[in-house]
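One structure coming up, written as structure tokens, with questions to follow.
Order as written gives the chain letters A, B, C and D; numbering starts at 1 within each chain.
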């Protein structure tokens, strides 16, 4: 293959971010003529047509089935609400497409398993949209850990907190229904911090003990403020975890955490040092090394620049900063290069499936009030 | 009583901080002639004599029993290693003394219960040394929460992490032995964050689920580096908790957390706002209010000054800053005024006992891998 | 005009940033079919051809004169080293082109005057590349000031410090020669902070008193490390300034300021509040309002989001962040919309000329050791 | 001399801070029996008596002349408003007393010269109250600079901004009158940052070019809000400076800088690194070293602890923090030890005089709109 032809399904919030990434990445990564924005699907043909024009896609359709079966499409990029991931992915796999899906992979771990196994069986490449791991700053964190610069990791604290539903008068939306979203904060945000934890440590979560709450149990119907509808999934959740490498961990997630706008944060403690990060300052990584002279110890703020992974393509000066969509551009660059060079792409559907199992284990544990081995849920 | 006569037992790390606080507080709080530094006990009379001269105490003794029974002593201030707290306190109570003890109250919850009940029965006033709650900044946090400014508290995240034992070659000391210290990081540091959590929320912790580890299982003998001795208690611990008011919480503590020098931190999330604090910036409280105009939202950094509790006595200008020992001066001021005016002093031995129960519940839960109701341990 | 055809001259550091912006902005701002990447010029046709392919331009040339006279080019975008700005711009103006030039406008104030007057006489639209003013965060700052939220501005402190030449062994390059760069730190970086100051305050600098130094007076020849060449312009400069509205100001710039990677910063003090910003945290604006209750005063960190100017087109979630190149996309959006709708574009060559006068006044003042009225240099 | 007997004149804002320092320092620095709080003077004997009781002084008087001539007083500590410094100091010198004066030394440079020369002629020890230089963090900064860790210093930026007069309705007080205060912001706050600059660099300021403004030209009479009185000195001032060692510098000071509560800050740029500090985070020093590996560069936050100068006496744990009054305790410890051991005490009246000359040069330069050599004013 010498050119990758993209079929995009869904153009809401994250679909638009994908479109911006597709637009700039040929220039950023010198991939002109390697990407074709081939086909775009939306809920109806009018919207599909409108978005195709806006996003620079050649063709459009109001029926995603037409897209996933189209011979001119190499990659099916799924940016729909969660409940559609499974059907689209399975159908795309059936047609031998490469599948690129936003998180969470599915509404439940068992659906995710089905998708993962289907892709595995079909031998198609897959990619999950865990874009925060593509941030040069978090790539740097992983590099520092992998180098052993902070010693052996003994503790991970991570959060993905936001406040998009903090206001009780915000109307209910699809995120709050199990049949449309699956889990609540865990699925929408927690997926990112679970992925980040495992990405950074290079070790999977093995055991979890969770707690969770639906704090705002009812929300107004979007069309009738006086009609209150039940919120079906959790607003906030926490978990103690153990990694396979023995490290302890604590994870927290919330969609009602006032003031946290992009609250993906982590503190990774090793035997010789510590890393600290918040995505709200996405260009800064704080690094502490215990072997520094005792009167010159402290957290050093590394500001990402061209000396760090995947920054230089955007700008050759340090500290000038890349943005949210640029992370997506790196992610899609990985996809394109993986396809063109027939290399492994990461994180794939196995990771998406595994993370679904971790998240569901946390939710189950919170209900059963006990520790759970992720292997109880993850059989594949 | 028109003057309070102090008997200080122990002059190590924290005893010295008490001494500095005693020295300055008459001037700070206009309590000249209200405090008498009467008697000081150390492990032998030479050291006791030396310290009494340094700290400005009138008399000294190498036998704490002589101090606790001395008729000229009103308050017995216990600054010894943990294992001595119980005997000294019980003996002091027997002699009707007011007892002021550093944390943790005792080596175990059951010892703490004995001490609390003895004081209660004897009707003597008691005070626990949870000095961080006397910091004007944390007093301000409590005031903001109590005012309802951040709504109803729904989540508490707190840590007390330090790195004083992060280096595996640091020799073993009394903190690492159960018969001298009781719990490890939980007892030494965790006690502070449990207290802070309950102080801020005005609600007790009801249920806990803990995890803990002894990461560095052996340490050199202080006299013979080649001789390795077993560390008997935990280096790091975490817990999910539930408060009586229904709020979720997560607590973390470690004595091997590289880079955390005074890592008592908290994030208190309410339905209408959030507070964030780290003791390393002890004069700063970050406050977010969700009802601010949507384009003017953000965390505001309040810098403590004379407009806030217990600051003005030190300095009438904002932002000039008070230090660690000044917190102790506020604590002892509470003691002196409580005694002189026969008012309640807080936090007392009940709190110390309750916190011992919470900490021991966390440790027990970590071993049993299950949630525990604090009431299982706390019977009194 | 219903489509704007771009001719790009120069594809080094900043030219590449322009190219990335051109690539993404049709999608970001819904301007598909409104921009044509028509023509690209470089120093020779091989490089021009290579870059045209990389950047998605239709045609290329090794001779910028061919580009500026091409009838299919509407906008000449000048991204060359400083010494070429004048000739290219004048020639482009002669052919009636819209001219978009990177800063500084020219090597000297008198050259800048010639360019400004030529554009004015020809009646062509112009735009200067002061991209930091297009950052949503600084647009927000301007809005807050214009609203009077911090009262009347009484003081401005601003810097643009970097450290790209901090190492004395870094070889000399064109930035260090007067005939290629004009001024040193003042021209390269100082131009940005002068522009930012006037943009934020809405008032021009009237009087200046400067100081400057060439700290590293010689640097190795890039081809022969043993051959030292003289640095002809300043490494660092400072100035006291007065604005037309009476406010005092201090400006600082350096290209040898160790540790400052993107050190464009400002503190704007008003009679009722203060704003503080650093481009290294480009999404954060700190706002202090003196009328807040005395015990709730503090700097509030506003994190830019869709509620603020020119953010939502990139992402509909707060705090997710935009990057350096995104600022350029906003700048070029202003250009495209200004051209399509025949509206004023800002900042234009008048601003570029005026800033050259301010910078040259600072340099002159530093030599003459006296205050200078900018009007002494700025006659047009 | 084996004990130092203190005579304190003035017990307002800063006098109280001295008293707290006197109270604690015998314990902190093991100086029991080395200090006698002998005599206290205030404007009348009632107030003097009250304060003597509060502050623990043996005797009191309503007439400072009685104190400075008293044979039992060794050190005269001057904490009065500025206009009294000269008379008290000269009289104390006449009686051979050691003189410890708060800044600024006098209302004018010429008065300061008289005081300095009198002390020099009499051969009495003197000390100026520039307490911020006694902060362990700034002592550490000086040590790092003196070690050459950041190379040769090439630039100093410093401020001392506060907002105590930011509100135009705050009534006029003695700070605003020339015959009571001398200079305005320059004398009250600017003195500190000039001292800090020279202390850190180990080099005097040689040339200055200043600017200044009285922004709020009238203020209400404290007793009659409708009566407006003229503010006679500057609210804000800035200066470009050159140090004897060739470094450039910029200084700023303001008493109306909204939001700056303890805004003494500095950035010291060297050829190999940079230091950055704000007194509002008085325990943190940021250090950047340009020789760090290019992908591990960044500002490291050093948190002061027992490894740094003059911290351990307060607390043996890092990061626990000392406060404003503790700086005064260090300053007075220097005084006591200097007297007991007949060593040099620093900074002395020469420094106070020199700083008065620098400040007055800035003010003069602001009026004359020109650079001034400090040597024009400083003849002694």
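Please note the rule applied: a residue touches a chain if its C-beta (ideal position, glycine included) is under 8 Å from a C-beta of that chain, and two chains touch if they have at least 3 such contacts.
Chain labels with UniProt names: A, B, C, D = Oxidoreductase YdgJ.
What you see is a predicted model, and the numbers here were worked out from it, not measured in a lab.
**Q** Find the chain most remote from chain A (Oxidoreductase YdgJ), comparing centres computed as mean CA coordinates.
**A** Following the centroid criterion, the farthest chain would be D.
**Q** Report the inter-chain centroid distance for chain A (Oxidoreductase YdgJ) and chain C (Oxidoreductase YdgJ) in whole angstrom, where each centroid is the mean of the CA atoms.
**A** 35
**Q** Please compute the C-alpha centroid of chain A (Oxidoreductase YdgJ), do the same for chain D (Oxidoreductase YdgJ), then give the distance between them in whole Å.
**A** So the centroids are 54 Å from each other.
**Q** Just the number, please: Cα centre separation of chain C (Oxidoreductase YdgJ) and chain D (Oxidoreductase YdgJ) in whole Å.
**A** 41
**Q** At which residue positions does chain C (Oxidoreductase YdgJ) touch at least two other chains?
**A** In chain C (Oxidoreductase YdgJ), the residues touching two or more other chains are 297-299, 303.
**Q** Given which chains touch which, is the overall layout a line, a ring, a star, complete, or other?
**A** complete
**Q** Considering only the defined contacts, which chain C (Oxidoreductase YdgJ) positions touch chain A (Oxidoreductase YdgJ) in the complex?
**A** Chain C (Oxidoreductase YdgJ) residues touching chain A (Oxidoreductase YdgJ): 13, 16-17, 19-20, 22-24, 26-28, 30, 32-33, 53-56, 162, 164, 261-262, 279-284, 303, 305, 314-326.
**Q** For the complex, give me every residue of chain C (Oxidoreductase YdgJ) touching chain B (Oxidoreductase YdgJ).
**A** Where chain C (Oxidoreductase YdgJ) meets chain B (Oxidoreductase YdgJ), its residues are 140, 287, 294-303, 307-308.
**Q** What part of chain A (Oxidoreductase YdgJ) is in contact with chain B (Oxidoreductase YdgJ) in the complex they form?
**A** Against chain B (Oxidoreductase YdgJ), the touching part of chain A (Oxidoreductase YdgJ) is residues 150, 154-155, 157, 163, 166-168, 209-211, 213, 215, 236, 238-240, 242, 248, 250, 252, 254, 256-260, 269-274, 288-290, 297-299, 369-371.
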